[in-house]
Structures are given as structure tokens and as C-alpha cells.
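Heads up, the next two complexes both have chain A, just with different partners, chain B and then chain C.
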Partner chain A sequence: MSKKSRKTDKGLETPKEIASRIHVMAEGIVGQIKKGQNPHFVTKQRGKGNVEFEEDKGIIELGDKETTRSFLNIAHTKKFLQTMLVTSQLYNYLSHDKTASIREIYYELKHTVGNTSENTFEDQSESDSCIVDLEHAVETIREKLNVHANPKGTLYGDITLVDKVHNNDKFNCLKLGRGGWSVMSRMEPNEIEIKDCDAKYALVIETSAMYERLIEEDFAKKHKAILVGTGGQAARGTRRLIFRLSHEQKLPIYTFTDGDPYGWYIYSVIKQGSMALAAHSNYMAVPDAKYIGMTIEDVKDYGLENVTEKMKPGDIKRAKEMMDYDWFKNKPWQDELKTAIDKKIRIEQQALANKSLEFVATEYLPKKIKNKEFLP
Partner chain B sequence: MSKKSRKTDKGLETPKEIASRIHVMAEGIVGQIKKGQNPHFVTKQRGKGNVEFEEDKGIIELGDKETTRSFLNIAHTKKFLQTMLVTSQLYNYLSHDKTASIREIYYELKHTVGNTSENTFEDQSESDSCIVDLEHAVETIREKLNVHANPKGTLYGDITLVDKVHNNDKFNCLKLGRGGWSVMSRMEPNEIEIKDCDAKYALVIETSAMYERLIEEDFAKKHKAILVGTGGQAARGTRRLIFRLSHEQKLPIYTFTDGDPYGWYIYSVIKQGSMALAAHSNYMAVPDAKYIGMTIEDVKDYGLENVTEKMKPGDIKRAKEMMDYDWFKNKPWQDELKTAIDKKIRIEQQALANKSLEFVATEYLPKKIKNKEFLP
Partner chain C sequence: MPEEKIITAEKLAEEFKEHSVAEFFKKNRQMLGLYGKVRTLTTIVHEYVTNSLDACEEARILPEIEVKIEELGEEYYVVTAKDNGPGLTHDTVGKALGQLLAGTKFHRLMQMRGQQGIGASGCTMLSQMTTGKPVKVITGTGRGKPFACEVTIDPKKNQAKVENLQELDKPFRGLMVQARFKDVIYRESSTGPLEYLRRTAIANPHAQVTFISPKGEKTTFNRTANYIPKLPVAQKPHPSGATVDDIITMGKASVARKVSSFLKSDFERVGDTAIEKIQKQVKFDLNKDPKQLSWDEAEQVVTAIKQVDFIAPSTEGLRPIGEERIKKSLESIVEPEFVFTLTRPPKVYAGGYPFEVEIGIAYGGKAGAGDNGTEEPEPKKGEEENATQKVMNGENQAKVEIMRFANRAPLLFDAGNCAITEAVHTVDWKRYGIRDLENIPLTIFINFVSVHVPYTGAGKQAITDEEEIMEELRLALMQCARQTAHYINTKRHEIENKMKRDMFYKYIPEIAGALNNITKADKKMMIDKLEYLVLTKLKLEKPDIEKEKDFEKKRQQLERIKKFKAELMGGDA
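So, the complex of A and B:
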């Protein structure tokens, strides 16, 4: 598979394909050793210096700068050993259909080396960084290496999922009471299939309280909406789910957060991706996502002056930083950020309760969706 | 209903009963006004000075000390007004089968009073404290006043729930793929019915990673266990669920946390209740719960010396405090805490992965349960 095609296959690779990429990489290293060469492997440079905003695609990506780690470099030797341990273990997981959390991998591989007093790993950050190295080296995401961090997020609405590696469990997320389905840390298509989805759009919601409010108001059913609760910043599994709702189901994605820099950044990560995970935007970013609210404009439009909160100095600083991000450099967002900074206010989703508990479901959201009142 | 019987009815009151208690209280206040008396209401004193450990019941309770707030006391006037606003609103919720988050209530009731510049509430802490006052005044929990904080927690296993206020949705939590059901913030019997439950015990698990591990190992099915993931300290809804698994379903409750003061305290709150919510132990505490692990003893028994973590000074201080709590004053816990303090180590659930990923499911838990190796 060419580098280019990998970059655009949107994460539909099978575990077998990923395992074979690892195998190719490992064979290369074994070949180096057999030829008496200095074994080494190549991964991507991380950090701001290698992050780009791809304007045409509308996502944040990792650039092409590479970095090489070689065994016969005293500064790299331990790191090289660690990466080989992690790589071999992840290959094992893929071969045996096992998955593990990044914390389990750390503990699983931690041991004292031979007759030395040296441990393979002293800290989880060391094994975590090997996982990232491997993600970049074979151009995939950790979910496809069968590892994951903690899950977070809930799903509600007329969407039927099948867990293909768990008795082919089939369930409709509109019929699980008001709790909804607990989104897994890994939402890969080879494991979780979206069987049916009868919806006009997906609404991504920052706060659990608003998610529960909309369920109580029967919003999903009345408006044929899929509700995704992120509970703050969206976890990777939740981002993969949103990505799949957009790409596989072709659903419009409307994002609904608090009207403050934290909420706007949640939206921005869902839409463009993040700098920290720039390498994975092709698997996770949803450039077509739209922002539905809350906005500072709403305060005037809906008479919410009484229920705004003051921005803290940190919020104002953050809003100013965000004005400088390429992906916020469009008039609507510059206006929004500037108004927030000038007025020094923020507005929460729950503030709509000041009109009435039902207002968000009967007026606010339907009107915005009908009139396409979105921020880009 | 007498005070005594209320104290032991374990939270099976209907919304109608709770509404009628509020009505009685409100009628009393109206009566005071009509008689030209100073209107006032009585609630419980909060804080350490009114918290007791009831040794015979094995739970932490709020004592009988009361406090009176009266309208014609300049220091109480605003608080009195606020409490009346909140009380009236909660009565409305109960009458109209609405529920709300505590943040929504704050926003819903916030407004400027008449022609003054005075707001009803300046901060959510003010409305929150009114809710607590009312909980104590009518001796119930906020869930039964139809309000709630954020949900957290997941449920997995052969248990069938019916959401009686949501189309009578009926679903079995073993058939929702590996995600499980997202526990609601309110798990009251009048709304969520436990229809069937085919299990030998419930295992309450601190970390999401361990919860996922046990699902991957098919532990629930193989051992007829209900798995409850708390994701850290158990939220109120999750505590109510555990309570009901113990009281309604008569399941033994085994708690499985990290082996450190934070994990042990999670157990202690599930078992005895907490000082902060001492008034609600009768609705939430499960004095029959047992502690299955992790213990510092495990480190030696299973050769985990290599994968312990150092306790931070704060952990050691916390462990010392816990040795002084009445409910940890039994030999097994004193020994456990003392060993941790002496060795200055902690051990995480994931550390068991050092044996193998499966070890926890195939050896550790089954052996402990078979041999009844629990801490009390």
C-alpha cells in the first residue's frame, strides 16, 4: 500500500493489514542485524515544528519530517529496546485478537533486564511514547494496534450497532432506556458495525446534563437525531464514532457546547483535529462538522444577559490564542471570539434553562437547524 | 409516616409521597404566615459535628442536630427566599414528571428580584445548598426530588432493566456489545426496574481499563457476575444501583479497586457511606460489601514487587488518617494500612497484567472468591 493511499483510507484497514505492516518493519530491522548494520527504525517528528493546518482538507496534520532511532547510539539504545518490546507485544495482540489498555501494556512489559538492575520501563510515559512511535512508523492509530486509553462518551438514538467480536450482539441505541450506550474506547469498523441508522443528523453534546435533558425531552425521536454525549473533551473512541457517523452514514454533524473557549476548542478538535494528535486527523477529524451553539450572539438573541458568567483571565488569554489559529481565521469565528473577549462573558448550555427546561429542545435547536444558523 | 420508618425504608418512596411531604412542609409555612408568625423551616445540621458512625448498622449517618432558618432574621432572609424558590420548583418537577440537573435548576431560578438589583442566586453553590436543605428537611435524597448531578458508571452482565418512564424499554446488559449500559444519574426503582438478574455476585470495579479487561475475558458470563464500572469514585446513580443489587437482588457485592488510599476510600464510601453524604447512607451504603483487592499482601502473594508504585507523601498522610476512622478499625484493615504505610508502596489493578493479561480473570479473582479472601 502506498504512503499516499494509506493517508486517505480513513481507517478501514483490517488488523491483518496492520500486522503485516509491523511484520515488514520488523523484517527490515532483522535484515539490518543480519547484514551487520546498525539496526534502526524511522518514525515521525512530533510537536509543533511538524504540525500543519491543511487548508484544502480543513484538518490539522502531521508534516513529513522524520526521525531515526538507532540501536548503536547510546542515547537511543534503551528507547530502541523499549520500542521493539512494545512492537512485538502489539503484534502479539493483533495475532491473537487481544486488546489492552496502554496502562496494561506498561505493566505487562515491565521487568528487570537479565542479571542487571535495569528495568525495561520506569514509567508509563516511556511505553506510551513507544506506542506513538509505532503508530507513526506504520501510519495507523493505536486503536488499530488493539490498544486504547479510557473510554468516555454515550450514544443515544435510532442507530443499530453490531458487536462483531462479541456474540454478534445487535442493539438499537434508542431502546436502552434513557442511559444510552456507553461508547467503547475502540470503535473500529471491523469490530463495531453500524447496521442501521435512521437519522437526519448527529448532535454532539458537551455536557452530560444537556445530553440527559434532550433525552428527557424525547429530542432524538422527535427530530430523528443521534445524540452523542462527550462529557467534556471527546475521547478518541467517541471521535472515531463521530467520524464514522459523518463518513459512513453521511450524517451532518452539529456540535453543541458551552459558549466559552473550552467548549469552542472541543468543537475545533472534533472538526479539524488537535495538534497533539495531528498524525491521526485522517482517522478522526470531521471537517464538515458545524457549530450550533452556544454563542455570545445567543445572549442577546435570547435575552440571557442575566445568566452569563464572567470569563476568567485564563479564558480570555485562551480566546486570544484561538483567534490566531489558522482554523479560526474566518469572519464568523473572529467576530465570535472578539465579542467574547470584549464582553468578557461566557454562556453555558444549561443557561438556556432560564427560559424553560424545554426551551432548548422546542425552540433553540430546532430553529437554529431549520435556519442553518451555524458557525463554520 | 413516622421519622423512624422513613429512616429504614431504603428509598422505595414514590414521587407522590415525596411531593406530599413537601406539601405538608409548605402548608406549615403558609400557616405560620397566616398566623402572623415568623415563617421558618427546620433542616439538619451538616458537617463533621453531626456525623456518626453507627456501629451496629455499619454505616455513617447524620445525627439528629437540627438547624432553623427563619425569614425575619436578616442573616437568613435571602436563604429562606432561595429555599422557597427551590422547594416550589422541585415540587413542580415532581408534579409534572420532569427531572433536572442541579445546574439547570440554578439557571432556571436565577433572576433579578422585582425592581431591585438583587439576583435570586449569584452562584450555583447557593441553589445546591438549598437542595441539600430540602433533602434533609423532608428526609429524602435529591434523586427522589427529580434532580441529579452528572452520571458516571457502566453496567455489564446478565441483568435485564426496564425503563418504566421511557417506552418501557427492556434490555439485557449482557447483550449490548462490550460497551455496556451507561448508568443514569438517577436509578430510582419507580423509573428503572430490575426485571431479571441471573448472577452470583456483583463486582464493582474502579478503573475503566479493568472493567474492559474483564469484559474482554468474558468474565461476566463465565462466572455469572454483574460488572459495575465506577470510573473512579462512584457517582450517586452508580451507588444507588449497587445498593439495589445488594438489597433487591440480594447479590454479594465485591469491590475491586487499586491498592492505595484512594481506591480503599472508594470501597469505604460504597460500604459505609461518606461524611459529606452522611444523611443518605440509608439509601446508598452497602454495609455487606466486601473488599477483594488490590491489597499490599497481593504484592508478596503474587510476586508483584517489580510493578508497585511509590506512595506519595499525600497518600501516606491519607492512609494514616484512614487508620483513625472508626470503620477501618478492625484488624485486617489496620494491618493492610500499616503495611502500606511501612512499605510506602501502592499497587494498581493493571499491575496484574505483569503476570499476563488474562491472569486477573483466570486466577486472581476466581481464587479470591472461591477461598473468600476478602477484607471486611
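So, the complex of A and C:
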């Protein structure tokens, strides 16, 4: 099975244990109030200032910098209030074996403060960030706080799963119709078990259209591939699934996105982790993942000049930023990004349809995989 | 033929006389303040009101004045002015209201409101000229029966005609005059009668002033001081201000037999030492009869006077309103958030004329002028708190309002030419934390007090920018501005702290509720502890909702400011 790092151990506590950690934290704050101290709690500092690229591991990790959120700080006080509300609500879920989506939490807690016209939360991003604060404050992961994001992502291929929290349903993802299986937002082994898997690699696909195209072309069966559709940026559950396919099933991970900054960043997150969830890279990032396409080289190789799109100024700016990321600082990627910026072009997956609908399944992918034509 | 010629000449003279009184008005409208249809109506109100105020003060009566203006037709109004003064008798009513230039205010060095305009008789004349109607009068002295009558002027003789005299049974003391005027316009502008009366009321806190507008709206400016100002006293001129013409004219009128005694008795601060010094400078004997002084000799005297250091002129003729009274008055009528007032010690300009500057700065609340100087709509209760906030954000529409007065009489016109306006605009307000003077709810009250007001023109609505006057005005303004700046800063800090407190406070119950849900800790205890924590942090007192609403807080603020002011002025403020 998978090699367990320090942080993946986080996934093993029971809801009761997490609840008691929250209780301890709350008692601490009450103690501060009783003593007339400025109530506060400590969490990990997030964002660029506390994110490092661990070159030997090949992943983005959160540093050790901590930050204190206190009530009497005029800039923090609303955040403090919001975190207390979220904490109290999550405590309720854990005590009553409930789970909720992050959107549901936002709506459950949104109300006006006292008799003012001010809302507790103006935007879901505010409650989302409180959840992350709490994850760090009680040293756990969101999944253990009984919250989940809206599920996104699909799975297709010869892989058998058992849903341990739903009647122990056992199913093979090749036999669920054309849509495949909807990836859950919580993909922890104690909930979803991978029973069996007969595949040579997993193909992670950005667009739903391409995912559907490959199913229609029977690509999974013909090439013994597991297809994972991300539908844009990969959700937390989907990333966890990809991680498990890599670690538990030892499948090579090939990423197939549009050849543009958005697609490149999808790959980057799958491979190295994201800055927002840097703390969880250890059990989400797949440093061994490879990038299969689309590349600017494809344009030349397959004569796709007429079906490229123009990069907008924002795209170019983004691409230039990405050239500066440590994990893109290798020759193939620098060349790829530079060419794109110079030519001001981007290329979508669907552009391959210019050759023929089945071209991607019959020629493009098989040839690239066979020849190991990947970007690192 | 010669006889006939004489008759014609007399007739001509008579015609000329009749002609002249009417002509006098037409030709001198500008000088008399009777140009402009709006201004004319304001001047009329001014004449009646100053007469009433002067009469009341002389009779030691607290004035109650009511002015009513009704519209009769296009540019046609009737003005009714009523007071509770000493009233007029059968003998004096004609002289007071029907004889031109019968006043007693000319050529006296005395601090008076009047000294300008046309007087009540002038109003009678104007009414007669524009409408052909007499002025209706009801008056009583408190003794004997009051009476009603109609007054007109016989322009041939410059004499009053009192007609339809009728004694009344109802007791009445005071004077009520009712006169009609055409070719005038009523406006509720910064130069209209209402604003004139408002300012009059501010500068005369001992008077109760009521106005009823043509729309029937009644405005009362309440009395805020129960005192009657001391009567002004005539003051001898100071030699330093004397001109050659003064010396000759006064010398001719003097009862003294020698130039030396004339100088000593008719001017102040002239003693034997000064006479000795002057004698050394002039080329004639000061024992000469002052009536015989030649122009050249008078010129020598004036030149000699310049070489002598006289004691500064006496200031006992000055009658300032007083800091406390101006403050109360502004608080009552302007309704600002805060007022600081200042009466500066007397100074002298042009060598011989004592004067004094009184300043009041009213800030916030309803202070300042509305847009275009028209009356602002009354802000609703509860919006006032917001106003301060708006001010800080520069959102308030209120503009600065400069109220000029000369000896308590409002100066409404010619603001652009006035030393007071110039002084206000040359002060560097930014230094006092007032970034944009034009757009701040500030009312600046300035009363120029002097036995001789140096007006710029015959209209007597602007003060000359004499060096000493400018200097003094600026000093006074800057001193007042410092207090205002201090107040605004204190206020801003206080409001900011209160806003912070309220922000923390509103989150406290929610936080306590959340923690109580997890730990079951006592919610009330947590709320109390957290509120106390916030107050300690912001160095604020425990708020008492009731107290904050009433004036206790404001009183404390004023105490602090008084203390500050005392420190600034050396402890004797």
C-alpha cells in the first residue's frame, strides 16, 4: 500500500477525537477571556510568504510560520468572529455525525450581526478560509471536520471501488454507463476503497468534452487506461483520487490539458500541489505526474497552425509569472512557455478534432505515450 | 419787473426745495443703500430695527421686536415693524418718522449702530414716493393713552404731517410702524431681511426678534442674555487721527480761547507736556484764538502732533458684546456642535481710533451656509450624528458662512471688498487642520467694534483694510482657529474610538454564543469580560446610553476646551 508520511496520518482520527481538539481550543479561548486577556488562536500562515517548493520531494509545502488571530486587532476581529462561528458549527457536525458542504456552511452561518445591517459573511470565500484556519489550528484536514466541497470530477475505466459508508456498494467504473463514476469530495480510504484495478496508466483530462470523446472512442478498454475527468481545476477529492491511483496502484499519471496557462496550472497543481492547499501537498501532490499535451510543439507536428487561439494580455502575464515558478524552471518547460509567449498563441484539446474526431484516440495519445513524448 | 422777478425766484426756490427732497432720494440711492430691489427691502428693515434697538437700550428696556412683511402685489410689499420700546408722543411722532436728517447721530465719535442709511423718516419718504400712501403708526409710552395716526412728509417744508390721530383704549407701550413700498423684492437669500434679522439677533443677544415672512412663516430668535448693553458714550477724538480740516472746524466750534486750551479740552490725551512739545514745532503762539487758525497754522499743528508720543486713545467708548454672550447666542441661533468665541483687547488704528475685534467660530451641527447661501432645510433628528461623519469624509454640502458686523449691525453686502473677508481668506486654515475652508460647516462671526468704523464706501457695508485692522483680524482668527482645530481633532479621535468600540461590541455576543455552544461557559460572563477588555484597550469610559444622549458629554468637552483655552491665554480667560 501507500507509503505513509507524517501528514497522511491526519486521516486516521475519529470525529470524536477531532471534536475534543476543537473543545480544547475553545476552552483555551474561554480561559483567556476569563483572565481578561485578548482572546486569540494560532494558525499556520498561508499564502506566498509561507510556501516553499521542496525540490527533493518535488512538491509545494507550507512552511512553519505561524500567525495569531486575535479579537482586539481591528483588522482581525471580524475574522476572529467568523472563525468562532465556523468552529462552533463544525463542532455541531462532529457531535451529531453530520457532514455538510462548504457552501452549506456558508449559508447556515450567514446572518446579520446584532441589529446592524452587517452580515457575518459576505462571500463564501470568507467562510472557506475560516475552515482552512481551523484545519491548521486543530491540526487536521477538512475531510475530518466533516465538511466537503461540491464534488467535481469523474472516473472511468477498469477499476473496482467499495463505498464503505454506503451499504458497502461495490462497483466497477467501466460498467456505470458513459458518464463513469462521480468522484466524491471525500476520497479517504476509510470511505472509498480501491478493491481492484486493471490498467497501465491513468489519464487526467481537463475538459469534459475530451473525457467524453475518449469514452466514445473506447479508449479506456483499448489501451487499458483509467480516465479521470477534472472538469477544469481538479477538486480536492479528485486530486486525492489521482494521488491514490499513483501511490496505491502505482499507475503512471499522464495529464492532458489545453495548452494555455490555465491548463498548465491544472497540471502544476496535480503534480506539485497548490499554494492554497500547500499544507496538504504531502497527500495530494503527485510529483511523478507527466504532461502529455497540448504543447506548442503539437501545433507544428500536427499542422494545427490554423486552429490556435490568440493569448490575451492576461494569459501572457500569467505565463510569464509561471516561468518564474521554481518547478517550471527546467529547460523543456521554459522553452514551452517562452515559445507560447513569443507566438502569443494557445492551443485547446478540441483543436485536435481538426484532424478528425478519433484522431486523439487513435493517433495522438497512443503515439505520445508509446514514444514517451512528455513534458516533465 | 423786479418785483415779478423776486416772486419768481421765491417760487423757484420753493419748487427747488420740494424737488430736492425727492431728488435727494433718487440721486443718492446708492449712498443710502437703496439700490437693488432686494437690498432696498433689507435696508428698510434695518432702519426700523436699529431704531427700535437704540430706543429700547436708551430706555433700558429688553427689546422685543417683530417684523412682518406681506406681499400686496408684484414688487409691492407692506412692512410692519413693532417693538416694546419707550414709544412716541404726539409731539415726537412726526419728528421721528416724518422729518429727514433730524437724527442726532451725526458728527459724534460714539459707537452707534446707525450712522448710515436713511433713517425711519427716509422710509416714510420712500413709501410716499413709491405708493403715495402714508405710514400708519400705533404707539404708546405706557403713560396716558396710546394712539394711532398716519404720517406723511411735506417735501416743501421737510416737515411731518400727522393725520387721523385717534386715541386707543387698549393699553400699549412701544411703537408699531406699517409702511408700503413698491419696486422692492423679498428674497430668502443671504442678503434678504430674514438673514439680516437672524444676524441682528446673533449680535444682539439681549433682543427677542421675530419675523413673519410673506409666506406666513414665523421665525423667532430667542433672547439669550438678560442684560441691556451700557449706553455708548461720546468720546473726544485722539489727536493722532486729526486732520487739518478737523483742527480748523473744531477750532471754530470750540469754546476755548487759546489754541493750547482748545487742544487740551477738545482732544483726549493732550496734556501740558504735549502742548510744550507742539509749541516747539510750530511757528506761531499757541495762545492764539483757535477760531482764527489759518490753514497753514493748522497744518503745522497736525505735523507737530505726529512728533509727539501720545498715550493710546481711551477705549471706554467701546461696547463689545462679550465672549460668553456671543457664544450663547451662536449656540442658540446657529445650533452648531461647538462654538469658540474671543473678544480681543482693544487696539488702535490710523493712530487715533480705538477698535476691538470679536470672533466666534461655530462648527458642525447646523453651522455653515447651505448651497448658494440660501437657507438649509432642517436636518432631521438623528442625522446630526451622521453629519460629523460626513464632514470627515468631506461629504457634507455645508459651506463656510462669514458673518460680518460693525458695532453689532450686520454687514450683508460688498463682502468682496471687506477687510474681514480678506482676513478670513488670508489665514492659512490648513495649518489648523481645515483643509478646505469653503466646504466646511463653519460659521465665522466677526464683530468690528469702534467709535469710528472705516467703511470703504458710502454704502457702509465693507470695512477698509487698514494695516492694524487686518493684523488684528488675522490674529483673532488664528487664535480662534487653533481652538477649533483642537476641538475637531479631539472630536475625530473620540468618534473614531467610539466607532471601533461599537465594531468590537457588535461581535461580542456572537463570539460568546459560539464559545458557549462548544464549552458551555457562561455567556454573560464572557460578554462582560470582553466589553471591559475593549474599553480598557480603547481607553474609553463605560458607556451609558442615556448619558451619551444628553449634554453631559458635551459639557465635559467644553470644560476641557475651556481649560485648554485658559492655558493658551495665560490663565486669565
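Quick note on the criterion: the second predicted complex is superposed on the first by the 278 of 376 C-alpha atoms of A that agree within 3 Å, B and C clash if a C-alpha of one lies under 4 Å from a C-alpha of the other, contacts with A are read in each partner's own complex, and residues count from 1 in each chain.
Rule of thumb we're sticking to: a residue touches a chain if its C-beta (ideal position, glycine included) is under 8 Å from a C-beta of that chain, and two chains touch if they have at least 3 such contacts.
Keep in mind it's a predicted model, so treat the numbers as computed, not measured.
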Report for A:209: first if it touches chain B alone, second if chain C alone, otherwise both or neither.
first
Look at A:71 in the shared chain and tell me whether it touches chain B only, chain C only, both, or neither; answer first, second, both or neither.
second
With both complexes superposed on chain A, which partner does A:81 reach: first (chain B), second (chain C), both or neither?
second
Once chain A of both complexes is superposed, is A:179 in touch with chain B (first), chain C (second), both, or neither?
first
Does the superposition put A:118 against chain B (first), chain C (second), both, or neither?
second
With both complexes overlaid on chain A, does A:91 touch chain B (first), chain C (second), both or neither?
second
Between chain B and chain C, pick out the one touching the greater number of residues of chain A.
B
In the superposed arrangement, what residues of chain A touch both chain B and chain C?
none
Residues of chain B touching chain A in the complex:
98-101, 103-108, 110-112, 119, 148, 150-151, 154, 161-163, 165-167, 169, 171, 175-185, 192, 207-209, 212-213, 216, 231, 306-307, 348, 350-354, 356-357
Quick check on the complex: what are the chain A residues that touch chain C?
22-23, 26-27, 29-30, 33-34, 36, 38-39, 71-72, 74, 77-78, 80-81, 84-85, 87-88, 91-92, 113-114, 116, 118, 120
Listed in rising order, the residues of chain C that touch chain A in the complex are 500, 503-504, 506-507, 509-511, 513-515, 517-519, 521, 525-526, 529-530, 532-534, 537
